[in-house]
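Several structures are given next for inspection.
After this come two complexes, each holding subunit A, first together with subunit B and then together with subunit C.
Moving on to the complex of A and B:
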C-alpha cells in the first residue's frame, strides 16, 4: 500500500538504523503511516533490534516466524518493536532465513525480551536461533516428533495430532539458586480454569529462591486453523475465543490488522462502538481481578461483592452485543450491530450504578488493613527487569513505565478520546491492583464520552477486495496490556500467516523475577497480580533443596495457605 | 468493618431462583437458532457463512435430495446465518437452555427434493430454489410467461449449460467472443 511520505511516523528510527548499519538495511516498506518493515541482513539482525530497543526506546511486541518459501524461497522472522520514544510507531525488523541452513543469530543475548518468541519460532518452524541461551521447547509437548514443525506450509493437516509417544515429562526446569532449594510444583491442571500452567517454585524454607514455569499444555493451534480452514471474516469469531475474558479485544486487533493491510477505513461510528465494547470488556475484566485480589488475601466477602457488581458489566455486554462473553460483533470493515437509543439509555444507567457500587467497594477494600499489609512490597518487578522483558498493561505501568497502546498508538476511536494514564512506581502487587482500580473509572468515563459523542453514519464498509500477501499489524490495549496481531493475506481467501499474541505472553517471562525473594504463601497473589490468562496453577511441587525431596501440594491447599497463612503445608 | 456490614445489609439477598424460576435473557440475546424449513430454499448461503461449520449441507444425487443440517453442539451463536439468509428462514432466539440427554438431539435436519436438469436429467438443484428464482424474476417485473420461459435455463445444470454454450459462442465473430461488442 502506498503511504504518503509526509504522513509517516517513525522515519527517524529508520534513518537512525540506516546510519548505524549502513550496509545492512536491504529494504524498507510502509504498511500504514505508523508501521514500517525494515528488512536487514541476517547477520545484522541482533544489532538492529538492539539499536531500536535500547537506543531508541523500543519495546518488544512480538516475534513472528513465517514460512515464505512459496513467496520468496525463504523463511522470514519479524521482530515487531513498539517504538515509544519521540515518535510513536511500530518498526518491524525482518530478516530472511535460508531454507538450507535454517539458522539465524539469536537476538535474546542482546534483548532478553525476545526469548519466548525465538523459542516459539524454533518449535513451530524449526528455525534455529544461534546463540539462544534457552533452547527448551516452549509450545510443543515433550513427545512431539523432532522433525515435525506445525506451521510450515508443507507440514501437516490441522486436524492431525501425532500419537503420544511418552508419558514422562522431559522438560528441564531452570533453577538459578546457588544453595539447595525445595521444589514446589504448582499445576498444571486446575478445575476452575480453562488453561493449565505448571509452576515450579524452588524454595528454601518458606522463601522462594527461584521459579520456573511451563505453559502451553493445551495449545489450541488457532493460527494453523485460521490459515488452513477459515475465511477472513470467520477468523474474527475465532479471535473472539482466544481468551475467555478479553476476547473482543483480540477480535478488534485481528480485524484491524487486516483493515490496516488493505487500507480500509472503518466508519467512525463503528470505531466508536468498538471503543465502547472494548471498555465494557475492561470493566468486567478489572472487576474480576479485583475480586480475585480480595479472594487471595482472604477477604472473601469482598470477592463475592465484586462478583455481584461485575454481573452488571456482564449485563451491559449482553445488552449491547447479544452475548455475555463472546461479543462476535466484528467483521472486516466494521461492526455488525449499532447501539440504539434505548440501549444507550440503559447503558448510562448501568454504568452509573457500577460507578457508585465500585466506589463503595474499593473504599472498603482499601481501608482493610490486611490488604495493604499483604500486597505492599510483594512481587516486586524492578524497573530495569521490566525494561528488559517488555511486559505490558498494568504490570508494566505498576513498575513506573508509561506504556498504554490506547495512548501510544491510538486505534479504534481512541485518537479523539481523552484517556487517563495511571502509572505507579511501587513495582509491587499493590501498585498493579491500584492501577486497575483507577482504570476501571477511566473506562466508565470513556464509555460515557463515546455515548455522548458517537458520530452518526454506517457501521460497516463492504465491497473491498482482498489483495494477496499484504500484511500489517493490528493492536489493542486489552485489560491486561497490549494484544498484537500480525496478519498476511493469502491468495485463496484465507490468511497466509496469522500471528496473534495475547498480553499475558509478554508478562509471563518476567514473573520469575516477581516471585524471587517472596514467601510461598504470596505466590498465588503474585501470579494473580499479572492477571494471567493461563489460567491456573493447580498444584505446587515444593522441592526442598536441603532435604532433596519433592512434595506435591494440592493447589487448594496452597490457596488456603495464601489466605489463612497458618499451618504451612511445607512442614 | 462497619462499612462492610452496611454494604452487606444494603445489598440484601441477590441470589436468583434460577433454575426454579425463569431467568430471561436480553431481547437481543443471541441464543439457539430457530429454523423454519418452510421458508428455507436450501441455497446453502448459511453453510458458507458459518464460521464453526455447525451448518452443513449434503447433496445426494442418487436419491435426488439435499439434506440441511444444524449441529447445536458446534454452534457459536454468532448469527452470521441469520445475516446471510435471503428468506429469513433462520434467526437466533433468546433461548439458551440447550442441554440434551441424547447426543442425537443436538442435530436438526431438513431434506429438500432436487429438481433434475432438463438436458441430462440429473438432479442438481433444490426445486424450491428454482421456484424462488422464478418468483423473484416475476417480482422484479418480468411478465409471468417470460419468467416461466427462463425456467428452462435455470433448470439446466452448469455442465449442460457449458455444452449448450459452445456451439452458440462458436457461431459468433471474434469480437463477440472477446466481449468487445455485445
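Moving on to the complex of A and C:
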C-alpha cells in the first residue's frame, strides 16, 4: 500500500539505522503511516535490533518467523519493535534466512527480550538462532517428534497427529542458584481458574533462590489452523478464542492487522463500539484479578464480593454483544451490533452500579492493614530488568515505565479519547494492584465518554479489495498489556502467515526475577500479580536435594500457607 | 526433514472397569451428600473456566446444591474437563483421572471438551476429552452459561432426565414458503435490509428494518411520514431515528439501487 511520505512517523529511526549500518539496510517498506519494515542483512540483524532497542527507546513486541520459500525462496524472521522515543511508531526489522543453512545470528545475547521469540521460531520452523543461550523447547509438547516443524509450509498437513514419542515429561528446568536448593514443583494442574503451567521453585529454607517454568500446556495450533482451514474473515472469531478472558482484544488486534494491511478505514462508530467493549473486557479482567489478589492474601470475603460484582460486567457484555464471553463481535471492517437507546441506558445504569460497589470494596480492601503488609515490597521487578525483557501492561507500569498502547499507538477509538496513564515506581505487587484498581475507574470513564460521544454513521464497511501477500501489524492494550498480531494475507482468501502474541507472553520471562529473593508463601500472589493465567497446581512436591527424598503436600496446604503464613509445610 | 507421512496417530480412551460402571449406578442412585468436583483444564481458552467460576461464586452459587470444587482428584466424585485435550495435557489429565477414586463421573465441558470444537482436527490436540478418558456427561456451549452448567450437573447426578423436544416437518403436497412483505418491491426490500445492516449490524439491523416494513405496510389512512414520525416519537431513541431516516431516504429515491 502506498503511504504518503509526509504522513510517516518513525522516519528518524530508519535514518538512524541507515547511518549506523550503511551497507546492511537492504530495503524499506511502509505498511501504514506508523509501521515500517526494514530488511537488513542476516549478519547485521543483532546489531540493528540492539540499536533500535537500547539506542532509540525501542521495546520488543514480538518475533515472527515465516516460511516465505514460496514467495522469495527464503525463510524470514521479523523482529517487531515498538518505538517509544520521541516519535511513536512500530519498526519491524526483517532478515531472510537461507533454506540451506537455516541459521541466523541470535539477537538474545544482545537483547534478552528476544529469548522466547527465538525459541519459538526454533520449535515451529526449525530455524537455528546461532548463539541462543537457551535451546530448550518452548511451545511444542515433550512427546512431539524432533525434526517435524508444524509451521513450515511443506512440513505436514494441519491434521497430522504424530505418534507419541515419550510417555514421560522430559523438560529440563534451569536453576541458577549457586548453593544447594530444595525444589518445589507447582503444577501443571491447579484448582483456581485458568490454564495449566508447571513451576519449579528452587528454595533454600523459605527463600526462593531461583524459579523456572514450563508453559504451553494448552498449545493447540491456532496459527496453523488460521493458515489452513479457515478463511481470513473467519479468523476474527478464532482470535476470540485465544483467551477466554481477553479474547476480544485479540479479535480487535487481528481485525485491525488485516484492516491495516488492506487500507480499510473502519467507520468511527464501529471504532467507538470496539472501544466500549475493550473497556468492558478490562472491567471484567481487573475485577477478576483484584478478587484473586484478595483470595491469595487470605481475604476470602473480599474475593467473593469481587466475584459477585464481576457478574455485572458479564451482564454488560451479554447486553452489548449477546454473549457473556467470546463476544464474536468483530468483522473485518466493522462490528456486528450497534448500541441503541435501550442498551445505552442499561449500560450507564450497570457501570454506575459497578462504580459504587467497587469504590466501596476497594476502600475496604486497601484499608485492611494486612493487605498492604502482604503486597508491599513483594515480587520486585527492577526497572532495568523490565527494560531488558519488555514486559507490558500493569506489570511494566508498576516498574515506572510509561508504556500503554492506547496512548503510544492509538487504535480503535482511542485517538480521540482522554486516557489516563497510571505509572508507579514501587516495582512491587502493591504497585501493580493499585494500578489495576485505578485503571478500573478509568475504564468506566472511557465507556461513559464513548456513550456520550458516539459518532453517527454506519458500523460496517462493505466492499473492499482483497490483495494477497500484503501484511501489517494490529495491536491493542489488553487488560494485561500489549497484544500484537502480525498477519500476511495469502491466496484463496486465507492467511499466509498469522502470528499472534498475547500480553502474558511478554510478561512470563521476567517472572523468575520477581520470584527470586521472596519467600515461598508469597509465590502465588507474585504469579497472580502479573495476571497471567493463574497460580498453579493440585499438589506441590517438595524435593530436598540434600536428603534426596520427596514429600507431597497438597496444593490446598500450599495455598493455606500463602494465606495464613503459619505452620510451614516445608518444615 | 521428511515430508509428512499420513501416519495420524489416534488416541483411544482408557476403558472403564465393569465394577466401576456398577458402582457408578449405585453412586448416582444413592448419593445423599455433597458432590466433590475436580477441574482439569486440558487445553481450554479460559472462557469455560470463567463460567465455572461464575457458577461457583455468588449470584449462581452451586455450592448451595452441595457441589464443591476440591483441590485434589483424590477427593473427587466428578471430574470436570475443559478444553480440546492438547498433547501436553494428555499425561497430566490421565494422572488426575487415575488418581480419582472409583466410582467417578466425567463431565466434558464446553464445545472443545465435547468434540474439540473449532480445534477438533488440529495437530496438537486429540479432539475432545472422550478421546483420552471416558465421558459420562457432555455440557456443550462456547462457553456454557452458568445456568447450562447447573443443568448439566443435575443431569450428571441423575437429578433430572434429559428433555429433548424435537419436531419433524414433512413438506406437504404443493406446500410453498411464503414471501414476507410481498407488497414491498423486491429490489427496495434488499436495499433497505442492506442499509439497515450496514448501519446497525446484523441483529439490530434486522429488527429495525422489520419494524420499518411493518410501518410501510400499515394502511390506516395516515401518510407514511406521519406514521414514521409517530413511531420515532414513541421510541425516543436518536440513534434509531438516524437509521430510520436513512431508510426513508432510500424509499424516497425510489428503488434504492445500491447501498452506497
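Here, the second predicted complex is superposed on the first by the 546 of 571 C-alpha atoms of A that agree within 3 Å, B and C clash if a C-alpha of one lies under 4 Å from a C-alpha of the other, contacts with A are read in each partner's own complex, and residues count from 1 in each chain.
Following the convention adopted for this analysis, a residue touches a chain if its C-beta (ideal position, glycine included) is under 8 Å from a C-beta of that chain, and two chains touch if they have at least 3 such contacts.
Here the structure is a predicted model, which is why all the values come from computation and not from measurement.
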First, second, both or neither for A:363, with subunit B first and subunit C second: first
Which of subunit B and subunit C A:247 touches, first, second, both or neither: second
Which of subunit B and subunit C A:456 touches, first, second, both or neither: second
Touched partner set for A:322, first subunit B, second subunit C, both or neither: both
Which of subunit B and subunit C A:301 touches, first, second, both or neither: first
Touched subunit A residues, subunit B compared with subunit C: C
First, second, both or neither for A:220, with subunit B first and subunit C second: second
First (subunit B), second (subunit C), both or neither touched by A:238: both
First (subunit B), second (subunit C), both or neither touched by A:405: neither
Those residues of subunit A which subunit B touches in one complex and subunit C touches in the other: 237-238, 241, 305, 308, 322, 326, 336-337
In the complex, subunit B residues that touch subunit A: 3-4, 7-8, 11, 14, 25-26, 28-30, 51-52, 76-80, 83, 92
Touch list for subunit A against partner subunit B, complex: 230-231, 233-235, 237-238, 241, 301-302, 305, 308, 315, 318-319, 322-323, 326, 328, 336-337, 360-361, 363-364, 367
For the subunit A and subunit C complex, residues of the former touching the latter: 126, 140-144, 147-150, 152, 154-164, 167-169, 188-189, 191, 193-196, 216-222, 224-225, 229, 237-238, 241-245, 247, 288, 304-305, 307-308, 310-311, 314, 322, 324-326, 334-342, 344, 454, 456-460, 462-463, 533, 538-539, 554-556, 559
Residues on subunit C engaged by subunit A in the complex (per definition of touch): 1-4, 6-10, 38-41, 43-54, 57-59, 69-73, 83-84, 86-92, 96, 118-119, 121-126, 142-143, 145, 194, 197-205, 235-240, 242-243, 259-260
